[in-house]
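In this document, chain identifiers A, B, C, D, E, F, G, H, I and J correspond to the written order of the chains, with residue numbering beginning at 1 in each.
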Amino acid sequence: MNLETFPNPRPGRRYTITHVNPEFTSVCPKTGLPDFGTITVEYIPNETCIELKALKYYYFDFRQRGIFYEAVTNQILDDLVAACDPLWMQVTADWKARGGINSIIRAEYTKG
Amino acid sequence: MNLETFPNPRPGRRYTITHVNPEFTSVCPKTGLPDFGTITVEYIPNETCIELKALKYYYFDFRQRGIFYEAVTNQILDDLVAACDPLWMQVTADWKARGGINSIIRAEYTKG
Amino acid sequence: MNLETFPNPRPGRRYTITHVNPEFTSVCPKTGLPDFGTITVEYIPNETCIELKALKYYYFDFRQRGIFYEAVTNQILDDLVAACDPLWMQVTADWKARGGINSIIRAEYTKG
Amino acid sequence: MNLETFPNPRPGRRYTITHVNPEFTSVCPKTGLPDFGTITVEYIPNETCIELKALKYYYFDFRQRGIFYEAVTNQILDDLVAACDPLWMQVTADWKARGGINSIIRAEYTKG
Amino acid sequence: MNLETFPNPRPGRRYTITHVNPEFTSVCPKTGLPDFGTITVEYIPNETCIELKALKYYYFDFRQRGIFYEAVTNQILDDLVAACDPLWMQVTADWKARGGINSIIRAEYTKG
Amino acid sequence: MNLETFPNPRPGRRYTITHVNPEFTSVCPKTGLPDFGTITVEYIPNETCIELKALKYYYFDFRQRGIFYEAVTNQILDDLVAACDPLWMQVTADWKARGGINSIIRAEYTKG
Amino acid sequence: MNLETFPNPRPGRRYTITHVNPEFTSVCPKTGLPDFGTITVEYIPNETCIELKALKYYYFDFRQRGIFYEAVTNQILDDLVAACDPLWMQVTADWKARGGINSIIRAEYTKG
Amino acid sequence: MNLETFPNPRPGRRYTITHVNPEFTSVCPKTGLPDFGTITVEYIPNETCIELKALKYYYFDFRQRGIFYEAVTNQILDDLVAACDPLWMQVTADWKARGGINSIIRAEYTKG
Amino acid sequence: MNLETFPNPRPGRRYTITHVNPEFTSVCPKTGLPDFGTITVEYIPNETCIELKALKYYYFDFRQRGIFYEAVTNQILDDLVAACDPLWMQVTADWKARGGINSIIRAEYTKG
Amino acid sequence: MNLETFPNPRPGRRYTITHVNPEFTSVCPKTGLPDFGTITVEYIPNETCIELKALKYYYFDFRQRGIFYEAVTNQILDDLVAACDPLWMQVTADWKARGGINSIIRAEYTKG
């Protein structure tokens, strides 16, 4: 995984960037069937910002990957924190219903 | 009742898991008629997470059971806390109107 | 099945009666799991109208019955036509998603 | 019942007038409990139009009256046709759910 | 009243122009209180089109005028037909609730 | 007034019960005309809960009573607090527009 | 300006009263064209409440007045505070778009 | 491709079956990037109906296939007609925006 | 203007293609200020279809062009008909409000 | 850039002014293609307020400018703070989806 970033245009100001992707899809490791959800990433950039096109391709990598709901949110949070070292970041995955149940997993990170 | 769980994939991080079930139904003990509602469970996992399919079958057990509104929320909270020992959990039942009145019962638990 | 009716209060006028039940549930014969849907019945009464409370209990009978989507709509249409001999009737079942797919089955009857 | 009317300001033109009343209430003759619904009247006036304030008071008369769903629509249609002799009129009553079932009764009249 | 028009840029083609004004207000002749509504004009132009800014000022003229619901629609239809001689025109006035009742008056005109 | 209650099934836990009644109606003491609104009661039960059917009949008592907006909210709060001695209660009345103005009155009580 | 009030029926209790008027209109002093907006007044009454009909007529006074957006909110707040001496009051004006831009002006007052 | 069917439970009656799949995804042949859309199939069955689970797997086959918008609708229509020989069928694909433009392709078939 | 097309993949079948662009903008020739609208093109292709990316660039050409509402719809219809020679085409432009008035212009073409 | 202001009509009171512009457009510096978004500015004025028409023209300046998402929000915040020296200001840009991802950038400023 190689998540391209670019320099934060206003590094001295605490401001938030949110990217909402309603077209996320991965595969259920148990059934082999696709899962669909909306991934929302909100963060306060430090020195770099995540490049939007790179983020799109990063999400695209999950299309064939078998991974559980709880792991998706935590994996994306870890990957994006590693890529851009934000002051704060929150990742939310809102999954379409499976078996009539809709699931939302949310995790956040604050720079130590 | 036997609510299957699985190990929390990120036990060191406080994050939230929400499961929304708009297809819950039980039976009114007074009238014998069905009640319909949406059950929302939100929790911060400790060492285990609730298995989604197990949760679906757990809800299915209420289909023929006579139980009052106030008891449903408290019962589900007790059962799920017992099953997965979460750091925090909130259960909300939002019932469709009976006699023109819509009822919502919400209870929460915080690990001592 | 015994669907109570009452005399049409205006038998000489062609007018429509619609009953929408968003709380219908039956059981999938294959999986044994519950299905949830909205049943809409629209009809032009002839000499009798369907009693609303009787309709509620009639729907309640499906709660434990294993029956396929396509059969539910046709069965309800046949039963209600037999019960009240309408000039015209249409039954629509709009099912909540299963496997990510939402299904709607609609059938109609016109008196001979 | 005395439904005031006023002369149609453009008697030669076929045009439609619609009055939507989402605050209609009457009483169920069986249970003595109130029913709530929206009454929509649409008509093509002939020589007179229904006075809006008179219509409001006319609806107000149903507040204490015990009357069935099917009768309400037909009664209003008969009364308003008698009051203003329209070229065409349609009355729709859309009732809030009772026993989880929402009912809509619609009737229409065409002059001569 | 002087409703400016401009030459139809495509006089040979039957096409429709719709102008929706949700900010219409006039005065009730009985109570002296303001009425608020949305006026929708849809027409097929003949040789001229109604100038949008002129239409706005035309509506503005009603702000202090006492006029009944049924008259507003018919008056606007007559004025606009006189101004631009359309092949077809329909005027709809959708009034905010008075005494809990919402009224809609619609009239149309077809040339020759 | 006699508002039936039943023992709180989980008296040791602070949890909330909400009842939403969109079918409330009373009478304006000035005009004698009906008012319509939605009454929402939210409370944390102490030793007893309000019986839902009793609440419905309690609301039904307002149908013929002349009472001002501000008084309705305060009266319901006082009556329900007296009936079930809650730890906390909030009553909100959201009234349909009169004279084009929609009013909302909210009051709350906390056990001393 | 003479804004009628009436005695607060429950002066000892802090509770909120909200009046929402989606039918407010004044005139732009620059262009002479009408502005349309929704005025929301929320307050905690002290010894008196604002009479709803008086409020309607008070708003009606703005219909012909040329006044800027920022002034409307502050003027209404000042007038209503002077009229009923509330413990707290907030006035919000939400204006329909002009030049494609929608504006919202909100001010609040706290007694003493 | 092997689309399982089952015998129509009411072959003598013309009725419609609709399956809505908001979780369809295929791949753009030009860019290699995923497309997302909702596929709606509506049909009047002849002697057989399409099995819902089979339909889900059939859609799943497109997940890795490079195919243009216009081709998806026509391909699905051809495949489903071949599989169940319906009296009538309509297929609609409603695609999420690409380059800010949302596309909808609809085709229908009537048995000769 | 050079609107790229590609061969219709199913030339023998009458089916519809719809492209909705909510991000259209041109310039008002009178004021020099931008107009914003949604352009919807629906057509039945003959031998060629309009390439989606080419359509996007075609719309982009209007960004700096001064052109009236009525002309935009007719111009786009003429250009697209010239480009792909469809069996039928309809173009609708739905413009954001100017002076509080929202306008919709719709034109259609049928191959001779 | 020259952003006209006018004297705050109530400089002693802390109140908020919000301007929502859903018709903002700039150009992506990478692709040369247009971006569309909604810009919301909320502020507490100090001694001057931003003139609404001037704000409209200010936004209009971005129409041909190539500028990245993150820069737009920060640039507008800097320019408006410089123009009116507010006590507090927040700027939010909510961008329409590109590559299926919707982005929101929010920054705020507090005086002194």
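Following the convention adopted for this analysis, a residue touches a chain if its C-beta (ideal position, glycine included) is under 8 Å from a C-beta of that chain, and two chains touch if they have at least 3 such contacts.
On a predicted model such as this, the values are computed, not experimentally measured, just so you know.
Participant: Keeping to the contact definition above, tell me which chains border both subunit B and subunit G.
Facilitator: Output, common partners of subunit B and subunit G: F.
Participant: So which chains count as neighbours of both subunit B and subunit E?
Facilitator: D, F
Participant: If you average the Cα atoms per chain, which one ends up farthest from subunit H?
Facilitator: Centroid comparison gives G as the farthest chain from subunit H.
Participant: How many Å are there between the centre of subunit G and the centre of subunit J, using C-alpha atoms for each centre?
Facilitator: Distance between chain centres, rounded to whole Å: 27 Å.
Participant: Would you mind pulling out the distance in Å between where the CA atoms of subunit C average out and where those of subunit F do?
Facilitator: Here subunit C and subunit F have centroids separated by 37 Å.
Participant: So, what's the distance in Å between the C-alpha centres of subunit I and subunit G?
Facilitator: Here the centre of subunit I sits 45 Å away from the centre of subunit G.
Participant: Specify, in ascending order, the residues of subunit E that touch 2 or more different other chains.
Facilitator: Within subunit E, residues 22-23, 33, 36, 56, 96, 98-100 contact more than one other chain.
Participant: Got a list of which chains touch which?
Facilitator: Listed in label order, the chain pairs in contact are A-B, A-C, A-H, A-J, B-C, B-D, B-F, C-D, C-H, D-E, D-F, E-F, E-G, E-I, F-G, G-I, G-J, H-I, H-J, I-J.
Participant: Taking the complex as given, what residues does subunit A use to touch subunit H?
Facilitator: That would be residues 22-23, 25, 33-34, 36, 56, 60, 63-64, 96 of subunit A.
Participant: For the complex, which residues does subunit G have touching subunit J?
Facilitator: 68-71, 73-74, 98-108
Participant: Under the stated contact criterion, what part of subunit C meets subunit A in this complex?
Facilitator: Where subunit C meets subunit A, its residues are 33, 36, 96-97, 99-100.
Participant: Along subunit C, where are the residues that touch subunit D in the complex?
Facilitator: Those in contact with subunit D are residues 8-10, 13, 15-23, 45, 49, 52-53, 55-56.
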